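Okay, structure first, notes after.
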Amino acid sequence: MAEMWINMGPQHPMTHGLWNLRVKVDGETIVDAEPEVGYLHRGIEKICEGLTYPQIIPIADRLCYGSSLTWSHLYCLTVEDLMDVEVPERAEYIRVMSIEMQRIASHLMWLAAYAGDLGLSVGFTYTMRDREVFVDLLQALTGSRLTYNYPRIGGVAHDLPPDFERDALRAVEYMERRLKEYEDLFEGSKIFMMRNVGIGILRKEDGMNLGVTGPSLRASGVSYDLRKDMPYSVYPEMDFNVAIHKDGDCYARYRVRMDEMWESCRIIRQALRKMPEGRWRIVAPRTAPAETGLGRVEDPRGEAVMYVVGDGSDKPYRLKIRSPIFVTVSAAPKILVGYKLADVVAIMGGLDMCIGENDR
Amino acid sequence: MSEGDERGRAGVVSIEKAPSRIDEDPGLRVLRAIADSFPEAVSGGTQLKPGVLRVHVERADLYSVCRNLKESLGFEHLTMISAVDYEDRFEIVYHITSYEARLLLELITSTPKDDPSVDSISTIWGGANWQEREAFDLMGVVFRSHPKLERILLPKDVLYHPLRKDFKG
Amino acid sequence: MAERRIPKPLGLVLRPMRRTGKQFVRTLILGKPNTVLYPEQKLDLPQVYRGKHVLDFKKCIGCGNCVTICPNDCMWLEKVEDPELGKIERPGVDLGRCLFCGLCAEICPTVALHMTTEFELANSDRESIKLGPSDIRDDTFGPTFVEERRTRRLPVLDLSRCTGCEKCAGECPEICIAMMPIDRTERKKPEINLAKCNSHGKCAEVCLEKALVMTEVYESYFEMPEPKLILDNCSGCGACARKCPSEAIYMLEMPGTEKTLKNGKKGKPKKRAVFVLEKCVGCGRCYQACRFDAIEMPGVRE
Amino acid sequence: MNLFEFCYGIIHWLVDLVNNLWYRLGDTLPWYFGDFFTAVGDFAASDGHLTFMTILLECIIIILVALINVLNFLWIFRKLSGRILDFYGPYYVGYRIGGWLQNLADGIKLFVKEIIVPKKADRLGYLLAPIIYVGSSLLILSVIPLSENFGLSTNESGEYVTAGALFALAAFSIAPFAILLAGWSSNNKYTLIGGMRSAAQMMSYEIPLILCAASVFLVAGSFNFVDIVDAQHDIWFLIPLFIGFVVFLICLIAEVEIIPFDLPEAEAELVEGWTTEYGGMKFGLFYMTTAIRSYAGGALATAFFLGGWHGPSFIPDEIWFLIKAYIVYTVFMWLTWSVPRVRIDQMLGVGWRRLLPLAVLNLFIAAVLKSGGWI
């Protein structure tokens, strides 16, 4: 068969969201790939220039449907850096706990999508079912199921609801039981290992050069986790490990995310134990000085950065968002070439795409 | 490191004021190294807070400074490229990370309004490729000798650069 | 980090089949599947859930802060006539544009706007999801809602009753009240430093005219803009005082500005606006009402 | 009484009923009309006509039974997958009978949809493909008897097609042609790749499948279903030919195209594979045919390895056969929901490198057993 271009997207079951991966195949083997993005460009950076600082928080939630809390948290961190706001300690702990819950929920959603891509329907429904536990917790905490709008500049919106601690611990225990089940379900199956081990290898040098971050980079053997390396919030107080794997293939990426879920469970326990009493919110200033602020967090998908320029008014002059997936996708051709057509879903699924933050 | 030290801006130290501590702090050491290698191109090196540095660089020397940063100072990861449209200039801000030293360097270069162009650094950091395309797409900054400087988020036939301040709706 | 147990896929596909078999037995024999059969069964939603809005007409003062904070411009103020409350302005919500972010309920200075757990809001046309003030009115919802925001008992000043006797300033144990003269009116008003006040209530006790009354005030998490009067531009028309939803603006006469009429008598003196900023909710409606550029409000969206 | 006798009785009764009228007309009308009616009556009462009509009626009954089975299969498929995947499955349509009517409702819905042919598709091939696919799959069912008495036979003694099993396997392997035709004529890259994959897959899994069947034929000494099942009266072939059974099941999964071997319609990479361009009832036919082929596969496995309709006599033979076929299908479904999809090269590797040697080994075992006289 002659070489031909195949459009995988913008409306295709492989693409989680609106984007287009054009692959050139020779028979079943990929010889070239070219991602095309921008189908979901909403101009959030421009929208934010016309909104006041508190109004942007719900907009920042809309950046990523998988882990919206991380983005509003990042936005609040950035603006607090710009305004020099000191956040109460209880708020910091609540934030850390909630974004770790969000990380678990996001990774479970990734696992669900990944399993669905590989054709493992059971993986899809079981993980989505267990994600529901954490979504319910976050709903009880924040009042919404997907776009939480929970962090505020100078704290968080609500205090913990009654009995939250008990429910959270129960959920964490449940999750740890479930994670073992997933290991049986995924790694226990020969076919899953056949589809993953040795597929889509991203070498360490390539990953570092191409700016890949997050689990995808850690799966290649680079220990770069902002929670450890450049700690923000109360992460220095937490005892956790950075999940690293050295192979750089799809299995390593899967493994890193699974390990991160274990570590997140640990962090949630610690945060609940160490949670101090006190205020969870302070009054934030309305206007920001004419300086720049920078916030960086470890998103479930990688290193998320916001850079905000204030001009003395109550609206940001410029808000730049660094999406981890945007950079990771640009590395996709490097990973894809040489593998089979069916591996595209495993590789791209393993990178955990989120087009909302990618196109902004 | 206590939380107050980490967050507050009280730790802003310029190189000239505290020469005795240069060798203790890795950030200041990096600032000094940059300033030594490119005495004319680099100005205003400050440490905003522990682990975050800021350096202004002339746009003509941007490429060589970046090459030096990657090859001798161990800044292996380009985090972000952001372009800001000020009233009198465009500022292109590069956030560059060093995995080893745990440093973030904010490299700022500015271009005049009528000629928003800088050298592309996508040959140094491959991750700069798409970010430069994005900056070109949304802000209209031209990156010279970029391998494929096309619009990326907007359709190919759009005539404007929406993040510029003179673009209204 | 420590290597975790990685199961060897020895049984080819038996291990996952065992898991699914367990699940099968669990759902088929031992219990029901996890699904919630939606129209018959519904999830229990927490109180903080952000669903449809309800507005307590009696608590609402019509300040429009909710309209200002809304990121999507989906709220508006509408004039309604109520048999009890008279001609008032109350907000409406366009649910077709609403983000359900809850900022409107959060900023409400009198906790009149809430979001309920009602989420079945779909309708067949766009006009019917545009809810006017009467559609979201529910005066009975407020008491059932546990408000998280704290209240403080604060002295609230009614300037029209104040005689400037300075008793309150003398009584305050925290010395947070200072009598400040009001320009060109030959009167004084107590300025209360709310940050220092710890709700003793002594000032209200000694006030003979009941100008200072201790009232429960919800504390706000938002720093609101404060109006500034440019006295030279003020014509004394009183438009701002009529518009002010929290009655924080008083029109005081300025002695010595009377015009001499033709018959030699003196007319009425000119008036000026005086702000009691402790009561201000920062809505900026005075700024919009003023046609003489006498009020500055830094940072209010045009 | 077997099915032929049953149908013959019905037809005979019907012809008698109508012939009353015919002969009376022949008697009363003038000669030139009367002769004609008498001749019609004579023709209707002739042996050839009666046998032909009997076989037609048999076909209709068998297709009806098969379609009801297919509905059952789809219902089991959806209900079982619901239970395994932790949701309810069909629930409201036919609430009292566990949502059984859901498939009927879906069928009606698909049936009233517009027939759309893509503009650049090859019209003839595009429309012919579902017909070939369904037709060939129904052909399989025509020769599989549910018991000694329930099957398509052409004479009163109830003998079935002599080489029925061979015919069934032959009809089973017409499908790749239809799939390739569908994939090619749709003029779409996904369908093309899906069709190619399907052809490669079915051809490579055909060989172990037939080798396993051959071991059964060898041991039973016949191509006839009744003989094969009778040969299992003492011991099911499952026990001596266990390897063959496992290989046969795996090959059946590949032939039926369900996960883990549903590469031709791998939805994550090829949208819907070779059925991408098909909509409405054409898609419905494909969907239904998957169930027909599952049923056929289960029936073949039952007849070849699981002792056919043998079982304790408190349940009728036909029901025993169906129960076994359903259990085979249930195991398919269980496996389907537990594992991901394999890749095409891995799949072909498994087919040629693992299953083919195993099938040959199984044939060897069968030959040894047969020649040793142990079975």
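Chains: A, B, C and D, in written order; residue numbering restarts at 1 for each.
Please note the rule applied: a residue touches a chain if its C-beta (ideal position, glycine included) is under 8 Å from a C-beta of that chain, and two chains touch if they have at least 3 such contacts.
Worth saying up front: this structure is predicted, and the values here are computed from it rather than measured.
Among the chains in view, A has its Cα centre nearest the centre of the complete protein Cα set.
Of the two chain pairs examined here, A-C and A-B, the one linked by more C-beta pairs in contact is A-C.
Centre to centre, using the average C-alpha position, chain A and chain C are separated by 34 Å. If you average the CA atoms of chain A and of chain B, the two centres end up 25 Å from each other. Between the CA-based centres of chain B and chain D the separation comes to 68 Å, rounded to the whole angstrom.
Between chain C and chain D the centroid-to-centroid distance comes to 70 Å (mean Cα coordinates, whole Å). For chain D, the set of residues touching two or more other chains reads 84, 86-87, 337-339.
Across the assembly, chain C contributes 13, 16, 19-20, 23, 34 as residues in contact with two or more other chains. If each chain is drawn as a node and touching chains are joined, the picture fits none of the line, ring, star or complete shapes. Pairwise, the chains that touch each other are A-B, A-C, A-D, C-D. On the chain D side of its complex with chain A, the touching residues are 81, 84-87, 189-190, 193, 196, 259-260, 262-263, 266-269, 271, 337-346. Chain A meets chain D in the complex at residues 1, 4, 6, 8, 12-14, 28, 115-126, 129, 185, 189, 191-192, 194-195, 340-345, 349. Within the complex formed with chain A, the residues of chain B that make contact are 1, 3, 6-9, 51-52, 76-80, 82-85, 93, 95, 99, 102, 104, 106, 125-131, 134, 138, 151-155, 162-163.
Those residues of chain A whose C-beta lies close enough to touch chain C in the complex are 51-52, 54-59, 61, 122, 126, 129, 139-144, 147, 149, 152, 154-155, 157-159, 161, 181, 183-193, 241-244, 255, 259, 262, 281-287, 313-314.
Chain A contributes residues 37-38, 41, 43, 45-46, 81, 84, 86, 206, 208-213, 222-224, 229-231, 234, 236, 294, 296, 303, 305, 307, 309, 317-318, 320, 322, 326-327, 329-331, 359-360 to its touches with chain B in the complex.
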